[in-house]
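Paired with chain B in one complex and with chain C in the other, chain A is shared by the two complexes that follow.
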Partner chain A sequence: MKELSLNILDIAGNSVKAGATKVGITITETDETLSLVFRDNGCGMTKEQVENVTDPFFTTRTTRNVGLGIPFLKLAAEQTGGSFSIESATKEENPGNHGTTTTAFFYKNNIDFTPLGDVISTVTTLIMGSPGIDWVFTHTYGEKETRIDTSEIRAVLGDDVPLDSYEVIEWIKSSLEEEYDSFYK
Partner chain B sequence: MTVKSLAEKLNLETVCCPCPEKEVSGVYIGDLLSWVMGRAKAGDAWLTIMSNVNIVAVAALADTAAVILTEGVTVDENITATALAKGVNIFTSRNPAYETAVDISKLI
Partner chain C sequence: MKSLAELQAIKDKMKDKVVLREGTGEIRVVVGMATCGIAAGARPVLNAFVEGVNKENLSDKVTVSQTGCIGICQYEPVVEVFEAGKEKVTYVKMNAEKAAQVIESHLKNGNVIEKYTIGANQ
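What follows is the complex of A and B.
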């Protein structure tokens, strides 16, 4: 994809489909590397599913028999000389701690590194699409950190203000914009 | 023109050709797979230098007539098996994409 943020949108969608109530998206950057970790408490995948998840013809989708979200993320990471891994536990395997963790590791200085792109839109789109999920978005770059935790926002706002209301989304957007203003400086 | 006769006329090397009678009606050139997926048209000969298994999925989704790997790019055997199973025609050409596209345009 043209931007990693589009990959993020796609992969986080898998967590939503897996029935997760909490999804962590963590971007950790140095000057040379970027790691992208998705951690959810969804239904998890069986060993067979994990083994086949990077095969584009293996998908949980029923409308067509091709799934490219994970294969594209893996390709994006590997074409920078980086790596990709996925770990998962189903409810049956681990009732207390089930879910999936997907990790993509990139070398940023490789010419084939895909730029991160518009992360703010990705985060607000995810929150708008599934306001009931606890989204924890963390992006660190050296000492700098930006973080959004929708369960914290929900605790402050109370139950009467839905997270997908225009004002809340605008507030999230502008607070992220403000934090990113000084992020790479 | 069918894929089979196009391949013969252009002297393309056949990787696999499970659907030789597919009609080639155009050309699409691109290497960013997610981009190609939404833009290549059914019946296009898709010219690319990407050679991982994801090209088979993109070609199947876009229903392209054939994938032509340009500049002598080769594929792994496991890709050939998947392409055969999914009915995706794959060829290789020594020429770059531009020359290959120009040659195809003279034939279709």
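What follows is the complex of A and C.
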């Protein structure tokens, strides 16, 4: 992937497929490091699935026996000297708190660090693709924080206006653009 | 987040329009957004369709949506156009610029751009 934001778009898709109703995407940055955490309340994975999930030839998909999303993210993290981990609980294992947490840790100054890229576009694409999910996107860099919580937006919109209306998506986009404007300064 | 008061204003302005908007949805544009599509550049293609359809006021008759892996990864980004009573059109190796042309020619005027379809790229 040319941008980490594309890995984010791809990996968040796994939470959608896992039937999650709430997905948190948290980016925490310092000058030297970047951590990326996905946390969902989806169906979760069994121990066997967790063990095999970084193997490209293991997938739950039935169209073809190759799944590259997780291996790509793991590689992107590890090639910077960083790390990757995944924890999960199925509904059977933990009925009250099931789901998957995926963490990737990067060293930004490594030459093989993939730039974050267009995160805003990834966030709006995820919201348009699954407007029914509560997306909580948080990005912090030192003292700076930008955040989008679609349940708060939906609370304002009520039943009259859908979250994925073009005007609302444009508002989310400009809201994020405004916050990122002063982000790295 | 930006002030939610501004969002409230958007809501008030849109409330009456939404009912009209539900539209007929006679044309469905579907963009493949699995790992293969994303890696090949599907995100800007999807966004070009969403923006173009809204800017050209086609949202009454055209809906744009995302799907998973269509199974022809070597041709990604892949865009399928479904229209009632017509055969499905599969556009391959798309980019934002080609998307703009498809909006203008196919979605607005009904002329399929053959050279971008899978038939012309095999």
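One rule holds for everything that comes next: the second predicted complex is superposed on the first by the 185 of 185 C-alpha atoms of A that agree within 3 Å, B and C clash if a C-alpha of one lies under 4 Å from a C-alpha of the other, contacts with A are read in each partner's own complex, and residues count from 1 in each chain.
Here is the rule we go by: a contact is a pair of C-beta atoms (placed from the backbone, for glycine too) under 8 Å apart; a residue touches a chain by one contact, two chains touch by 3 or more.
Computed from a predicted model, the values in this text were never measured in an experiment.
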Q.
Taking chain A as the common reference, can chain B and chain C both be placed on it without clashing, or not? Answer clash or fit.
A. fit
Q. Can A:P56 be said to touch chain B (first), chain C (second), both, or neither?
A. first
Q: For A:F72, select first, second, both or neither according to whether it touches chain B, chain C, the two together, or no partner.
A: both
Q | Broader residue contact with chain A after superposition on the shared chain, chain B or chain C | A | C
Q: For A:D112, select first, second, both or neither according to whether it touches chain B, chain C, the two together, or no partner.
A: neither
Q: Answer with first, second, both or neither: which of chain B and chain C does A:L6 touch in the superposed model?
A: both
Q. Touching A:Y166, do we find chain B (first), chain C (second), both, or neither?
A. second
Q. If you stack the two complexes on chain A, which partner ends up touching A:S121: first (chain B), second (chain C), both, or neither?
A. second
Q. Touch check for A:E87: first (chain B), second (chain C), both, or neither?
A. neither
(Q) So in the superposed three-chain picture, is A:E145 touching just chain B, just chain C, both, or none of them (first/second/both/neither)? (A) neither
Q. Once the two complexes are overlaid, how big is the angle at chain A between chain B and chain C (Cα centres, nearest 10°)?
A. 80
Q | Minimum C-alpha separation between chain B and chain C after superposing on chain A, in Å | A | 5
Q: Could you tell me which stretches of chain A are touched by chain B in one complex and by chain C in the other?
A: 1, 6, 64, 68, 72
(Q) Applying the document's contact rule, which stretches of chain B touch chain A when the two form their complex? (A) 32-35, 37, 52-54, 56-58, 60-61, 82, 86
Q | Parts of chain C lying in touch with chain A, wherever the complex brings them together | A | 1-2, 4, 6-8, 10-11, 13-15, 18, 21, 33-36, 38-39, 43-44, 46-47, 50, 54, 59, 65-66, 68-69, 71
Q) chain B touches which residues of chain A in the complex? A) 1-2, 6, 55-57, 64, 66, 68, 71-72, 75
Q) Hey, which residues of chain A end up touching chain C in the complex? A) 1, 6, 9-10, 13, 17, 61, 63-64, 67-69, 72, 118, 121-122, 124-125, 128-129, 147-149, 152-153, 156-158, 160-162, 165-169, 171, 174-175, 178-179
